[in-house]
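Next come two complexes built around chain A: one with chain B, the other with chain C.
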Partner chain A sequence: MSEKLIMKEKIINIIIEIASESGWDILTNLNDDTVLLESGLDSLGFATLVARLEEELLYDPFSMMDEPVYPRTLGEFVKIYEQYAS
Partner chain B sequence: MKIVLVTGATRGLGLAVARQCISDGYKVVAVGRTMTEELTFLMQQYPDHIVFERYDFSDTAGIHSLAVQITKKYGRPWGLVNNAAIGRDGVLATLHERDIAELIKINIEAPVLLTKYILRSMLMNRGGRIINVSSIIASTGFNGLSVYGATKAALAGFTKSLAREVGKAGITVNTLAPGYMETEMTSALQGDKLESIKRRSPLGHLATVEDAAYAVSYLLSEKSFSVTGTTITVDAGSSC
Partner chain C sequence: MNGETLGDIVRSFSGDHNVLVTQSAILSVDHLQKQAEDLYRRSSVTSRSRIALCGLSPSDFITSLVAFDGRVDAMLFLPASLDDISKERLAASAGCTHYIDTENIVEVSRGLEECRSSEADATQWLLPTSGTTGRPKLIGHTLASLSCSVKRDTEKGRCFVWGLLYDPSCFAGIQVVLQALYSGSLLHVSESVDFESQIEGFVQNHVNALSATPSLWRKLLMDGRIKACRLRQITLGGEIADQHILDGLKRHFNGARIVHIYASTEAGTAFSVHDGRAGFPAIWIQNKSGPLPLSIRGDGHLLVKPPILSDGLEIVQRLDSDGYLDTEDMVRVEGDRVIFLGRASGAINVGGNKVAPEYIESHIRAVNGVVDVRVFGKKSSMIGQIVAAEIVPHPGLEVKRLRGEILHYCRVNMESWQTPGIVSFVHELKENSAGKRERLT
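And then the complex of A and B:
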C-alpha cells in the first residue's frame, strides 16, 4: 500500500473513531473532495482530530508551517500531513 | 493521579496553588524560571506529587514543544492553571515600549499558546479544567497598571469565548480574579496605600494566596462541572 493511502486511511479511521465516541453522524463515503466541516465533524471534532494525529504521528504540521493554511477538504488535509511527514 | 499544570508555581499564588493541589491528591507539574527554597522543600516533602519544569515564557516559540514534552513525560493533564505573570507598573505615558511588549507576551501570548497545546490533551480525554488567573484590576482599574490591567482583562475575555468553544468536550474554563495579596509582585505596595486597601475591604482584611488557592481547588474539582465561563473573585470584598 502506498504511503499516501496509509495516511489517508489513518486519518479517516480517526475521524470515524472520534465521531463514534461523540455520537456524531458522519458521511459514510469520506473522500478527497469531502469538505471537512460538512463531513459531520464540527470545529471541535476537527481540533480533536489534529490532537489525536499529533499524538500518533508525533508531529503537528499546522504548528510547523510559517504561513497559516486552513484546509477545506479531506484531500487538502491529508496532503498537508503527507508534506510534513519526515 | 490526575495531572495539574501550574505556571509560575515557584512562589506566590502559584506555589500556594501547587500546595493545595497536592493536598487535593493531584500530581503537580510546576513551571517557572527559578527554583526557590519553598518549592524545593515542597518537592522533598512530596516527591511523588510534584515535579518542576524550568521554562521562561518569554520564549513563546518553544511553548508547543514544552506542552508536548510535559504530556509525554507525565501524561495528559487534567488541569491547567495559567498563573505566571509579570506585574510591571508605571504610568502609560512613561512605560517603555519594551516593557509593554513584555507584559503582553508573558501575560497574554504565553498563556494563550500554552492553553492551545495543553487543550489538545483535554480534548482527547473529553474533559479538563482551565483556570486563568486574572485580577480585580481587570475590572476596577488602578493607577499605574493600565497595561497590566489590560492583560488581565484579556485573560478574562479569553476565558469566556474559550469556554464556549470547548464546553461540549466536557472542559471548563474559568477566571480567578484575586484582589490584593501579599506576594513579591505586590511588595512595592506598602504603607498608606496598603492600609487604605485593607480599610476599604468589607471584611477588614486582605485575601491571602491560600484563600485564592481554595477557589482554584474548587474550579479544578469534579464538583465544578457546571461552572464555566465565569469569574470567581477572591478579594475579601474589596471590589464589591
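And then the complex of A and C:
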C-alpha cells in the first residue's frame, strides 16, 4: 500500500472513531473531495482529529507552518500531513 | 433615571436610517423604535422592575435592549443554551420580577419590586459568566461600562456592515451590537444560529466587519465562503489569538484592520491590539504608555485597572490595594511582547468556552473502574485547547471498554466541548513539588 493510502486510511479511521465516540453521523463515503466541515465533524471534532493525529504521528503540521493553510477538503488535509511527514 | 440610554443612542440617528438587517427584513430607526415601544407597553414593567430576557432571537433581543434600558432597574441576560435549573437560579438570585422569552412576558414577583428604590442611576445589565465549574455567576454592568471602548465615529461607522456571529446576550455579542448601534453601522443578524445561514446572510448582505473567536475564524477560513466578503474590520477575542491566525487573516483579507481584543465579562474590554502581532507590546507595562494601567505580578498574573469596574463580590475579591484587578490570566514577557499563556487556575479554554479541569475530573471519577484522573488542557492549533484526560484504571480492567464508558458518561452528563478529546491510561498520576496536580500541557 502506498504511503498516501496509508495516511488517508489512518485519518479516515480516526474520523470514524471520533464520530462513533461522540455519537455524530458522518458521511459513509469519505473521499478526497469531501468538504471537511460537511463530513459530519464540527470544528471541535476536527480539532480532536488533529490532536489524535499528533498523538499518533508525533507532529501537528498546523503548528509548524510558516504560511497558515486551512484545508477545505479531505484530500487537501491528507496532503498537508504527507508534506510534513518524515 | 439619569444618563444616556440605548434608546437615546438609537434616536440620535434619523428615522429612516437602517439599523438591522435579517434574512427577511430591514429595520430602520423608526421601525426599531416602534417595536421597542410596543414591547414596553405590552410588558407593563416599571422603573423598579428587574427583567430576565431569555433565549430571544437577536432582533427581539436588541429590540428589548432599546425598550427597557433606562426604564427598568435591571435586565438579566439568559442565553437559550443555559439549562432550566441554572436559568431559575440566576433569575432568583437577580431578584427578577418579569421573565420575557420567545412566547411570553410573565410577571413572576411583585413583592421584591415594591422594596426597590427607583433612584438607581442606570439600568443594570446582568451577565452570567461562562461558569467554569458549571455554575454561572452574575456580573453587573451598565450601558456606560459596556460601551466605554465602543467607537462613536458615525462617519466611519456608516461604511461598515457588521455581522453578528456571537449570541447577542453574551459579552462579546453585546460589544458587536453596541459598536454597530453607536457608530450607525448596519448590523446583520441571523434569525438562526445555524452556521450555514449565518454565512449565507453575511455574503448576501455584503458584511465587511466581523468579530469572532480565533477558533471561529479558523472555521470560517476552512469553510472558505467568508472570503467572498470584502472584510475591512476583523476582530478577534475570547481566546488567545496566535500569530498563525493573525497571519492567515492578513493573507486572506489584505488591507483589513485586524484587531485582537483583550476582554472578559468581569473586567470589560481592557485593551485592543492592532499591530498584527500576537500578545501586546511590553512597553505598555514598562513605561506605562498602555491604553490603561497594566502590571504583571510576581507570579505572572496580568493585572489591569479598567476605567469602569463591573459590580459583584467576584470582582471585589480580585482587587488589590491599588485598585488593580487580577485577570487570573498568566503572561510572560518575550522580547518586546507580552505573551498570554493561559488561565492561572488551569481553566481550559475550548474555542472560547472555559471549564475548570476539576469539574470534568469529578464527573469522570463517577465512572466505575476509574481509580483516579487528571484533566488538563492540551494545546490545539485549531481551537486553542482541547480537554485531555489521563486515567488510572482499576487493575485488570479492559481499558478499551472503560474508555468507551467514560466517553459515553461525559457525553450524557456534560457539554460536547467538555468531553475529553484525548484519553490515555497510566499506572499513576504525577504531582508537582508542591503536591499539586500538574495541569500544564
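By our rule, the second predicted complex is superposed on the first by the 86 of 86 C-alpha atoms of A that agree within 3 Å, B and C clash if a C-alpha of one lies under 4 Å from a C-alpha of the other, contacts with A are read in each partner's own complex, and residues count from 1 in each chain.
We adopt the following convention: contacts are C-beta pairs under 8 Å (C-beta built on N, C-alpha and C of every residue); 3 or more make two chains touch, one makes a residue touch a chain.
Because the structure is a prediction, the values reported are computed rather than measured.
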Any idea whether chain B or chain C touches more of chain A?
-> C
State whether A:68 touches chain B only (first), chain C only (second), both chains, or neither.
-> second
After lining up the shared chain so the two structures overlap, which partner does A:10 touch, if you call chain B first and chain C second: first, second, both or neither?
-> neither
Touching A:79, do we find chain B (first), chain C (second), both, or neither?
-> neither
So, A:46: does it touch chain B (first), chain C (second), both, or neither?
-> second
Once the structures are superposed on A, label A:21 by its partner contacts, choosing first (chain B), second (chain C), both or neither.
-> both
Overlap the chain B and chain C contact sets on chain A and report the shared residues.
-> 21-22, 43-44, 47-48, 50-52, 55, 60, 63
For the chain A and chain B complex, residues of the former touching the latter = 21-22, 43-44, 47-48, 50-52, 54-55, 60, 63
Of all residues in chain B, which touch chain A in the complex?
-> 64, 68, 119-121, 123-124, 126, 165-166, 168-169
Listed in rising order, chain C residues that touch chain A in their complex are 215-216, 218-219, 221-224, 244-245, 247-248, 251, 350-351, 378-383, 386, 388, 404, 407, 411, 416-417, 419, 421-422, 424
Contacts from chain A onto chain C in the complex sit at residues 18, 21-23, 36-37, 43-44, 46-48, 50-52, 55, 60, 62-63, 65, 67-68, 70-72
